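Here come two complexes built around subunit A, the first alongside subunit B, the second alongside subunit C.
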Partner chain A sequence: MAVLNMIKQLSYIWRKLGSIHLTVVLCLLLTADLTYGYISINRRTNLFASLNDIGLTAWIETYGRHNLLYTAWFFILLGLLTLLCINTFACTTDRVILLIRSREHFGIQRFLFKFSPHIMHYAMIILLVGYLFSYISAQVIVSQTMVPGTTITLPGKTAQITFESFEPVYYHGDRLAFLNNYVISPRAKLLLTDGDYNKTAVLSYNQPVWFKGYGIFLKNFAPRKKDGMAIRVRIDMNIRKDPGVCVYIAGIILFTAGLFMYLAEWIFFKKYTKESL
Partner chain B sequence: MNDNKNIRRLSPILIALIIIGCSQANPDKQQSFVQIGEFTLNRISKDRIDVHDGAGRMLVLIPRNIPAPKDVDPVKIVRTPVKRVVAYGFFDVAVLRALGVLEEVLVGVTNPAGNWYIKEVKQGLASGKIAYLGDASSIDYERIKQQSPELVLTWDPSIIPMLDELGIPCAVTSTPTAMCLNARMRFVQFLAPFFNREAEATAFFDRVNNTLLEIREKTANAGSAPKVMWGDIYEKRVLVEPGNAWVGELIGLTQSDYLFEDVYGTSCIEISVERFLYSGEEADILFTYRTKEYGATSKAALARMNPLFSDIKPLKSGKVYAPLPHYVQSGDHLDEILTEIAAIIHPKLYPDFKRRYFTELPDTDPPDIGGLI
Partner chain C sequence: MISAQILFKTAAVFYGLSLVSALVFRKKPITVLIFMLAALAANAASLTLRYLAAWPMLPMYLGPVALPFCLGILSIFNKKNYENNTVFRLILFLILFLSLTAVFFPKDFYMPFIKSKTVLSHLFLLFGVTGKSCFLTGSAWAIAGFIGSKRKQGKNETRKSIIGILTYRIIPVLQSRYFLQCSMRWIVWGFSLLTLSMFSGELWSYIGWGTPVVWDDAAITTTMAIWFFYICLLHLHHTGTWTPQARGCYAASGVFLILGLNSIPDLGPFRWPF
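On to the complex of A and B.
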């Protein structure tokens, strides 16, 4: 009897967790929370900028806990997203079970394509879990400054990075006169070496370099102008080892596959459905 | 149904327990976290403070008599109290003075003796205790090595690789975004643990904070709100203090309109000349960056240096103030500077106020100075 009661309770909780009503409520709460976040973050980006560098756990213990008035929305966001993931998982799993049970009604191809929206839903969960994993597990070397000719060694490895030269692209145009002689594309030439392995790579904004499991990101550089103050050439890099990347890239690939399957079903089977009617 | 009710009743208690559990995850840790703009201090234990400098780099402060932690790069460990310091910026030197350690610890600067107005630095340079290390863009590293500093305070991160090689810890004291008023007032509390001078830092902050409260009280019913701009037009660029900078915030607090309130970013941020002139049409007061030595001798002199200047209201019918040369080295007199700015903006509230850090520019140069320009 006790076991039956427990099964009943679990079944009730599962149904509630997968309910579309919960989805609607969560979406409304997310909207309200993000509005609160938008107001809180205004001119307080300092509070959140370090989240990328020190990771979620250390961030909660420092910036997060000590500025609750401005960070509470983020904690609420984490809770709501967790609930949304659970809601999506329960709802999607219910649908998948139903779909498998009714597989006789479809041909094998049609049956497979019917999974496309569910694949996208599962992919979204993987994406969110990947980002959470990334913020929890990434190791970051913050603001590693290099000047031309200097070399650093990656932690725990023999691999080395040498900053060979800085070859920026300057703006030379008439349309935006105030930008004349400003760097519009900072390009740092790096030599990546590990034993006999040698490779030259160009590091720029939105153009990170990947080497031996580490992502190298350009954070800052100087000088920013051709004829400005006499400032020594330098680049500041963030070097990240982030196991979460694989998880959310898997999520992106899965989501894209689901999207293509959905489009294919819509294009190829819509006609078939109409004809059969 | 009863079970469901129980679950509903229990859920708030469960949530509360989780929150309490999370907040007391490390009951043994004596941890306090202080954020000062982009700088942070995190007291990990009685004998360890992790600090993040303006570039986001972490340094670990450890007392001299305690063994170094093995999980930290030796060049990131600063032994406290620090006894020998090289400082690049005037503000850093002024903060050392506010902490009462300037004479004791400063061993190197990047400005020659002629540029200094701080008595202790002039004397130190004359006696040889403090070394001039060369211009910031061409530092003499051999000289740095000779001075054996235990810490370098700099605004220029490009020296970090060389200092790492020399094994000298370095803290970047500039930040990508301008220091807000709170950070400017509290910066002394960031440097204090390096020298075990927390009490002096608290006293300094309290003094400045009390001054700020007095200013707010005095200007609360000031009536008219003067429009203020802070910046300059140079030959090829226009630089201003953004609204998030301490001067922008202070002007806002003194019941006046800061006309670059909408500009956000680094101190001395570059804007377009059109934006500057747009604000110049309605401004009552202009604070220029230039001192007399750099040509700010009169409104006419400014207009001669850049004819675009002559179209702005402060030059035609308003007031223009230039900093006196020792202003940039007076960070330890922040309370006086705040009061003087408030007095300039609301002269009626501060009758007979004697200015010490700014000078009002006359319309034209006195004959002898005018002839020189």
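On to the complex of A and C.
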């Protein structure tokens, strides 16, 4: 009897967690919270800029906890997103089970397209989990400054990165007058070594280098002008080991696939009939 | 030499003339179309000049100039939008409002940055602007559904809930579900394009900075707010949780969110344009 009661209670909680009313309330709260977040970030950009580098746990212990007037919305955002993930999982799982049970009513093609919203729902959960995983578990070596000829060793490895030379592409022309003789494409030549393994790679903006599980991103460089002041050549790099990347990129791909399936179903099967309204 | 700013001001004048022509005459005169085409040509030239001044980088704060253009294209090249007078006038009104805010509060003085030299940044802008144009068009259809309603409120349409009181007793009754149907079509397209814009932005953010979200830019929160707002509407629509009247009100209110969260962050200081 006690077991039956417990099952009933769990079933009730599951139903409530998967309720569409909860989805509506959460989405509206998220809209309001993010709007407030815009004001907070605008007023205290520096508080949030560090979130890019130091990871979520360290950020909460430092900037987050001590500036609650400006950061409270972020904690609320985390709570609301967690609830939304639970709500999405419960709701979608129920609907997927129902859909599988009623598969005889649809042709195979229509049946597959019916999964599109559920693919998007599961993809959103994967995406959010990937972000969380990324912000919690990423190992970041912030602003590693190097001059030509210097070498750094990756943490806990024998792998080394040597900054060999800086070969930027300068802009010459009248169309972008403000950029004349300035670097338009910074190109840093790196030598990646690990024991007998040797490889040369070019690091640039939007062109990271991946090596032994680490992503190497160009953050800044000098000099920026061809005939400007004599500034020593240097590059600043962010080196990150981020196991969450694969998860959220998988989420993006899955969500996009679900979205295209949803659009295809909507266009080809004319989902919007009078009855649907 | 003619500048992008002058061309955009010219476009704003033609958008205004087009709206006046559409409002004065009951049946759409040919001048509406002529003024609109002239405005679109000037707007397109302004966009081209701004792009040429930045390419291969992304011009900064191009949204306020690109959004009226996208809306203009949707208003005259989509048969349903063009043929429905109320919707067309509403879209024209939105275009003029956006154009005037861009003329009086320009933010086009920022130089492009070389990290934006990637196809992902251009996709981010393109999908974002077209997505928001679709949302605004969807809102115009929803608002049009409430304008000139001749339907009387039936007993069974009055609800005792707060949403029922707000949407049935205060706001006029939705004249036809057809308007909501058209509105939702645009909103679905808007949601799809905004999602693609966000994903392009996230991938750009990853290859450029190494993180999925760059927290230095507050605009990410407004985009996410708009996304969740329309996720809510799509859920309401697909599950039929609220009545068509309430959903119509919700879809119509999206215009304030888009204008508030999209226009305000892109506004610069007041500048007298002449």
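Rule of thumb we're sticking to: the second predicted complex is superposed on the first by the 243 of 277 C-alpha atoms of A that agree within 3 Å, B and C clash if a C-alpha of one lies under 4 Å from a C-alpha of the other, contacts with A are read in each partner's own complex, and residues count from 1 in each chain.
One rule holds in what follows: contacts are C-beta pairs under 8 Å (C-beta built on N, C-alpha and C of every residue); 3 or more make two chains touch, one makes a residue touch a chain.
Quick caveat, the model's predicted, so the values are computed rather than measured.
With both structures placed on the common chain, the touch criterion links A:178 to subunit B and to subunit C.
Of the two partner chains placed by the overlay, only subunit B lies in contact with A:231; subunit C stays clear of it. For subunit A, the partner with contacts to more residues, out of subunit B and subunit C, is C. In the superposed pair of complexes, A:66 makes contact with subunit B only, with no contact to subunit C. Touch criterion met: A:150 reaches subunit B, while subunit C stays clear of it. Of the two partner chains, neither subunit B nor subunit C is touched by A:209. Applying the stated contact rule after C-alpha superposition, one finds that A:222 touches subunit B and leaves subunit C untouched. Of the two partner chains, neither subunit B nor subunit C is touched by A:90.
Note: residues 49, 178 of subunit A belong to the subunit B contact set and to the subunit C contact set alike, using the contact criterion stated above. Of all residues in subunit B, those touching subunit A in their complex are 3-4, 7, 22-23, 25-26, 31, 33, 35, 37-38, 40, 42, 52, 55-58, 137, 156-162, 176-177, 236, 244, 264, 270, 272-273. For subunit A in complex with subunit C, the touching residues are 20-21, 23-24, 27-28, 30-32, 34-35, 37-38, 41-42, 45, 48-49, 51-52, 117, 130-131, 134, 140, 175-176, 178, 183-186, 205-208, 215, 217, 238, 240, 242, 245, 248-249, 252, 255-256, 259, 262-263, 266, 272, 274, 276-277.
Those residues of subunit C that touch subunit A in the shared complex are 52-54, 111, 114-115, 117-118, 120, 177, 180-181, 184-185, 188, 192, 195-196, 199, 202-204, 206-219, 221-222, 224-226, 228-229, 231-232, 235-236, 238-241, 244, 257, 261, 265. Across the interface of their complex, subunit B is touched by residues 5, 9, 12-13, 43, 46-47, 49-50, 53, 60-63, 65-67, 142-143, 145-147, 150, 178, 220, 222, 227, 229-234, 236 of subunit A.
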